[in-house]
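Each chain carries a letter (A, B and C) given by its place in the written order, and its residues are counted from 1.
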Amino acid sequence: MYYMEFLLVRKILYWLCGLLAVAIAIVSWAVASNAHSISSHPHGVVPFAALLAGATFVSAIIAMIFGCALARQNAGHLPLVWTRPVSRDRFALSLTIVHLAGIAAAFVLTLAATLGVFAMFGALDLITMAGELPVTPEGVARMLLFPLAWYGLVLALTSSLRAGAGFIPFGAWILGSLLVALDASHLFSGASAVVINVIDHVNPLYYFSMHFDQSGSNESMVSNVGVAIVGLAAIAVAGYVAALAQWRRLEA
Amino acid sequence: MTEPIAIAVDGLSKRFGDVTALDNFSIAVPKGSIFGVLGTNGAGKTTAFKCMLGLARADAGTTLFEGSPLTPALFERMTYVHERPALYSDPRVSDHLEWTRRTYARYDAPRAAKLLDLFGLTPKKRVKTLSKGQQSALALTLAFVTRPDILILDEPASGLDPVNQRNVLDLLIGEAAGGATIVFSSHAIGQVERAADRVAILHRGKKMLDGEVDLLKADEKVVEATFENDAPSVNGLARDPSVRRIVRAGRLLRAFVRGNSDEVARHIAALEPKSLRVLDQNLEDIFLNAVAASDGETAAAAADLES
Amino acid sequence: MSAIFTVDPHSGVPIYLQLIAVVKRSVALGVLVPGEQLPTVKQLATTLTVNANTVARSYRELERDGVIETSPGRGSFVRGNGSQVASTKAATDSAAAAIDGAVREAKSMGLDRAGVTQLVEQVLERWYPAIDGREAS
């Protein structure tokens, strides 16, 4: 059922590989032209968590592109797609299977590319798991859920659209950043501040922001990550459910 | 003589805001037959199909396939081809075929090859590089290649060149002869005339006529009389249930009759016309009459005399 | 074989009636001989690009009229006995209908009986020309 979507996901991943290759080339050239910095370098200054965050960021972008999948079907393909021997829900689920695999692949590819650059210059020991930004299981979980939250959110926002869905990921990211900034800036007070904060809870970027990490005391930082995990997972699931509910009721 | 009914549509209605796209549409399609739905653009043919197949929600009415409501599993044996090809643009012809092969157990690979050959489709070409006619041909290929029991086709031959139009009709006729049930819509009367067992005429969302093509042609006649002076009004003619429409223009009188044309001819002959003849009606005549009867007398009379 | 069967799907005359007329005429003229096999319903339908049930209907009526007989599994064949008579009668019937229509048309054009008779004589002369005083058939 998902063969066509598989072809598209594969194409997008090829593009990603191409972009990563270009990025590697640029970075390598930059590093090579600063040859003196390679020979002696301090150990463990680069937190692994940062590399993970980079891979998360890229796979979130990919996830948002995949999140427009239902809108893509709506652009003239419904007479074909809704006359298959499976229900609409099952069809959407079959697409999601490929998407999840694609998001995972994007994550792995980006991480591998990043590590690859370090390895190319024999600088793997620059990386550390501990230090100021330790790698914790909860932290990793939060990172893995971030793309999924975006996936669910974009799906929910686009599953009823027939055209112009491409702007949603773009706009959502900008809006999300704006919201976080507004929330953290304390520009507003009273009821407006509360409203902004509430809306911000549906914004995946919120759960990654400094503002979030620093809300509450230092001891509750761990539980903050726990809340982030729950929040992101909730966005992912609720978004998905909302997307399917809309798609079920759509008319070709 | 009751044949099993493959598709029973009952009272389907659909409005879009103020516009009634479909009004109480009902047809019964016998198994193994070809049912043609004839109508002008905007008559409601596509709306009818979408409501039947669950692509759109009808405001009222039901559709039963072999006695049961529609379920996804039925699409193992039933295919639908939209009037505009719903194919994906970037993938290739072969990708669409592969997708179909993986989805359907009944996929017939030799048939696929034959159909590609028939329509002149190259497997490697991307759909966006195909002409509109070729895309339609591909959509039809994907429909036929799974050997469906039921085929629902919206304007199947539109956009195709005359040779492929004939090929498509031959395919439909062959499938139905092999037991498949086919419903297709068209505004090309000639196609329905050739291929269909039964025809329903849709106009402005309403069904104007429903019957077997052979019998409609045998029954529908025009009794035409010319008089010395202006055509008189014929007493009792309008009350005859077999008289569907009467057109009077100067010395010419035309009575459109369903069945009973001899009786009506005798009735008119009693008025001693200068000439009297009974004319056959082909499907185009029947269609135009049905539409005109619904659109009103004056417009019809003018159009009538032009042809 | 299939060249014998032509129909006009766009005529006001139903296709099945046209097919019946074609077969009866062919049998009457000897174009189709007793024992000759007709195409199957499906073959004829796809050759002519017309509905198969229409063809089946005409075959059924031809069988009812005693012109052809159908054995399941073997096909449809022109009947030996009686088919000729049935077809000839059908040929006569259709000719009678045509002549009736022609005379009615002539009358509606204003010709009187003498005028019509004269016309008929002229037409007969054309189609059955008298040779050396003898009428040819």
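Just a few scattered comments:
The criterion applied here is as follows: contacts are C-beta pairs under 8 Å (C-beta built on N, C-alpha and C of every residue); 3 or more make two chains touch, one makes a residue touch a chain.
All values reported here derive from a predicted model rather than from experimental measurement.
Chain contact topology: the protein chains form an open path, each linked only to its neighbours in the line.
The most central chain, judged by C-alpha centres against the centre of all protein C-alpha atoms, is B.
Among the remaining chains, A is positioned farthest from chain C, on the basis of C-alpha centroids. Separation between the centroids of chain B and chain C, computed from CA atoms only, is 30 Å. Work out the mean CA point of chain A and of chain C, and you get 78 Å between them. For the pair chain A and chain B, the distance between C-alpha centroids works out to 51 Å.
Within chain A, contacts with two or more other chains are made by no residue at all. Contact residues on chain B toward chain A in their complex (touch as defined above): 50, 53-57, 72-76, 78-80, 82, 84, 86-88, 90-91, 95-96, 98-99, 102-104, 139. Per the touch definition, chain B reaches chain C in the complex via residues 33-34, 166, 169-170, 173-174, 176-178, 190, 193-197, 213-215, 217-218, 226, 274-277, 279-285.
Those residues of chain A whose C-beta lies close enough to touch chain B in the complex are 1, 3-4, 7-8, 11, 76-87, 90, 251-252. Listing the residues of chain C that touch chain B in their complex gives 9-17, 41-42, 45-46, 49-54, 57, 101, 104-105, 108-109.
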